[in-house]
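Below you'll find a set of structures to go through.
In the two assemblies presented below, subunit A is common to both, partnered first by subunit B and then by subunit C.
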Partner chain A sequence: MKKTGKGIGIMFYGTGYGNGYPDISRAKAKIDTDGRFTISSGACEVGQGAKTSLAQIPAEILGILTKEVIFDHEDTKTTLDAGTCAASRQTYNTGNAMKMASESLKRILESKAREILNLSEEEPLVFDNHEVIVEGDPSKRISFKQIANTADVGDLEVVEIFQAVTTKMNEETGEGNPYWPYTFGACGVEVVVDTETGTLDISKAILVQDVGRAVNPKLIEGQMDGGFAMAQGYALLEDLNIVKGEIKHHNFTKYLIPTALDAVEVKKIIVEDPESSAPFGAKGIGEPVMIPVAPAILNAIYDAVGVRITEIPVTPEKLLKAIKEVG
Partner chain B sequence: MYDIEKTYKPRSISSLLDAMEETGQEGKIIAGGTDVVVKLRDGALTSKALIDISGLKEMQFIREIEGKVQIGAGTTFSDIEEHDLFDGRLKGLKEGAMEVGSPQIRNAGTLGGNICNASPAADTVPPLLALDTTVVLCSKKGLRSMKLEEFFLGKGKVDLVPGEFLYYIEFEQMTREQGLGFEKLGPRKALAISKICTAVFIDLDQDLMINNIRIANGSLGPNSLREREVENILKGEKLTEALKEKAQIKFKEVINRRLKGRRDVDFKEEAIRGIFREALEKSIERAMEKSKEGIQ
Partner chain C sequence: MKTINLKINGRKRQIEIEENERLLDIIREGFHLTGTKEGCGEGECGACSVLLNGKLVNACMIMAFQAEDSEVITIEGLGENEKLDPIQQAFIDTGAVQCGFCTPGMVLSAKALLMKNPTPTKQEIRRGISGNLCRCTGYEKIVEAVELAAKRIAETD
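Now for the complex of A and B:
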């Protein structure tokens, strides 16, 4: 018999290394003699979209297109350390370092422009298409390249360092401020359990993620789909099968992860509640998108067939056994 | 790293037979390579010669001759998947073929390979057994045929003598009031070795009398096999809910007896009931579909 059930899971997650561990990202911004903008930072693109979304931050600040940003990343010879791509920290931490470096460079460009164009401190300036322009008087303008040609070597180069707020927890009292910031998320699923075979299908899925600010909504949706699939594998398939210390499922014939045919159409809802300490309010969501999914699936199984599964993955064998036990 | 010293690519049956004669016991036939290559890499195959039949057109066909369906051993799973002969009452065979691996594997892997590899989990074998398939073998001595069921000699073993290969298989084309159903239980929806795969052929008249039924299983024994004890419960009886349940209970008993002492017996004896039921319902649906057409 096929039985349907619904379940939800909710979560909050502290991003960054946390618990007082120094969490530091560095970025260097510069304008070269051709007037091109380059930003460099050691953040790694590991498929999560750092290369794209981090580059959007200086583009926003300097009034240029994202594709015009020369983003030098990963290369340890040319970039400064920005920590690991771990703890869902790059958007927040390296994003902040890149924002600070871009803003500092912008202030330098403003100051040089005022000097060259003989402008007072009060005259408002706008940045557009690699130019600094006096607002309301576009005849007064100067390009990044012109500024670079009058500047000394090193004048248009700035390094900024961002360090996240984190304090070690007091082991006695549990007090402290181990993580900053936190993200919040929820997941709802509907499952159909075959009570004769113990197999289950996820028939509906919804995933809601607080992101602070969606720097790149499409990339976030990609992360949400990926996180859901990963969690689905975690909940239903992935098993190292350790017997007396030996990993028996040591290859992908035995250690199963979801295929495209197993993937579920997930309804994705992005919640934007800007975080005051974050770059444009944006927080990392790499790990958070995975967290509420397995609890939601287990709750849906309970709703469908009345059994509480306490060990994952929920294979048909385990589920059928549990169903038989409750009769 | 491999022991292979020679490779052959015959373009005709006669040059295939020559290559087999020349290489003798050292020759290994490779078609899609989806099992042979894996074994080579694992060092589980030490043949000195490979005979590649993937380009042998004479072994790639799906045809109907005098009320029989014949499928060449070199026919790929994708060929079966795409052929409209397997859209109606014979759909159970297509369903089995579509359960094999991934699209890439189905494009390369062949029906003959699935049979000759003799894995107990081969997805196309239960439908073929339920169709009472005959295998036609070829050697320099000529053709030899036998029931597919008798062709299997154990896990990984088939009744091929030196110098002989599987040429094609054949089974009777279905008449109306007949249907073939298939159901698989695997750990995920693709690229998974089946835990149970079951096929049911049914011949059902308009009064719901079961004139004939053949049931075959994979992954529930050393080879895919017919389930005659369950067939006997159903054959010649009128199809009712009570009868279906009786057959399910019998199935559980049969599997329990066969797998006793194995780690997965508790699961499989239960799950077979559901999988068999699905395959049976599909076969009935297909048999009835044809009856309706007959009335019109």
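Now for the complex of A and C:
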């Protein structure tokens, strides 16, 4: 018999290393003699989209196009340490360092422009297409390149360091501020359980993710789909089967992960609620997107067949046995 | 040691092979075409997918000597000069690439599918790429990319 059930899972996630561990990102911003803007930071592109979304931050600040940003990343010879690509921290931590460095460089460019163009402190300036322009009087303008040609070596180069707020939690009382910021999410699924075989299909899925500010919605959707599929594997398929310290499921014949045929179409909802301490409000979502999915699936199983599964992955054998036990 | 002839990405080549070398080894180590990846080495992940005489194969499961006098297309052989294959372009446009490890195999798998079936349904696309594992994307944007590529190819024909 086929039985249908619905379940939800909700979660919050603390960004970064947390619990008092120093969580630091560095970035260097500079204008070269050709007027080109370079930002360098040791953040690694591992497929999460750091290269794309982080470069959008200085572009926004300096009024240039993202593709004009020369972003030097991950090369330890040329970049400053920005910590690991872990703990969903790069958007927030390195994003903040890059924002700070770009803003400092912008201030330097502004003051150089005022000096060269003989402008008072009050005159409002705008940045557009590698130029600093007096707002309302566009005849007064100077390009980054012109500024660079009058500046001394090293003048148009600035390093900023961002350190996340984290304190050690009091283990006795549970008090403290171990993480900042937090990210929130929810998942809802509908499953159809075959009570004769113990197999189940996810017939509907919805994933809701708070992102602070969506720097790049397409990348976020990609991470949400990926997080869901990974969690689906975690809940239903993936088992290292460690026996006496030895991994028995050491290949893809035994360690199963979802294929394109297992993957379900997930309805994705991105919630934007800008985080005040984050770069343009944006928070990382690498890990958060995976967290609420397995609980939602387990709750849906309970709703469908009335059994509480407490061990994952929920293989057909396990589910069938549990169904038989409750009769 | 044995010398074999084959055509790889449209070019006639000759290469010395060891008897126990796989097609994957000569592609990567012999011809330095490192777009083809080794994920599992046992025919389970599809990261090493290439076209052998127009058919999709796992290059880790084919011995090098079996490729004698054959025609091999790897990811480097798609597209013309600076112009990407429509499938590659669609992968970029839809955001179907995350870490990229599965991507060359996925693109070739999609290529093989569209050569056989230029107007696949979503489900046919899913089946067509089901031998290629992806840990990052959840496949959704990859399926979208293949749909988009099929549409664009149909429009230009």
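Throughout what follows, the second predicted complex is superposed on the first by the 327 of 327 C-alpha atoms of A that agree within 3 Å, B and C clash if a C-alpha of one lies under 4 Å from a C-alpha of the other, contacts with A are read in each partner's own complex, and residues count from 1 in each chain.
Criterion: a residue touches a chain if its C-beta (ideal position, glycine included) is under 8 Å from a C-beta of that chain, and two chains touch if they have at least 3 such contacts.
As the structure is a prediction and not an experimental result, all values here were calculated from the model.
**Q** Would you check which partner chain A:Asp194 touches, where first means subunit B only, second means subunit C only, and both and neither mean what they say?
**A** In the superposition, A:Asp194 touches subunit B alone.
**Q** Return first, second, both or neither, reflecting whether A:Ile285 touches subunit B, subunit C, both chains, or no partner chain.
**A** Once the two structures are laid over each other on A, A:Ile285 reaches no partner at all.
**Q** Kindly classify A:Ala59 by the partners it touches after superposition: subunit B alone (first), subunit C alone (second), both, or neither?
**A** neither
**Q** Quick one: is A:Met230 in contact with subunit B, with subunit C, with both, or with neither? Answer first, second, both or neither.
**A** second
**Q** Check whether A:Ala151 is in contact with subunit B, with subunit C, with both or with neither, and answer first, second, both or neither.
**A** In the superposition, A:Ala151 touches no partner, neither subunit B nor subunit C.
**Q** Counting only touches as set out at the top, which of subunit B and subunit C does A:Val46 meet: first, second, both, neither?
**A** second
**Q** Which partner, subunit B or subunit C, is in contact with more residues of subunit A?
**A** Looking at subunit B versus subunit C, the one contacting more residues of subunit A is C.
**Q** Mind working out whether A:Leu261 is in touch with subunit B, subunit C, both or neither, as first, second, both or neither?
**A** After superposing on A, A:Leu261 lies in contact with both subunit B and subunit C.
**Q** Once the two structures are fitted together, what part of subunit A is touched by subunit B and by subunit C alike?
**A** Of subunit A, residues 253, 258-261 contact subunit B in one complex and subunit C in the other.
**Q** Residue numbers of subunit B touching subunit A in their complex, please.
**A** 102, 185, 187-193, 195, 264, 266-267, 270-271, 273-275, 277
**Q** With touch defined as at the start, can you tell me which subunit C residues reach subunit A in the complex?
**A** Checking each residue of subunit C against subunit A gives 40, 42, 44-45, 95-100, 125-127, 129-143.
**Q** Using the touch definition from the top, list the residues of subunit A that touch subunit C in their complex.
**A** Result: residues 46-49, 218-219, 221-230, 251-253, 257-261, 263, 265-266 of subunit A touch subunit C.
**Q** Note which residues of subunit A are touching subunit B in the complex, please.
**A** 194-199, 237, 253, 256, 258-262, 315-317, 320-321, 324
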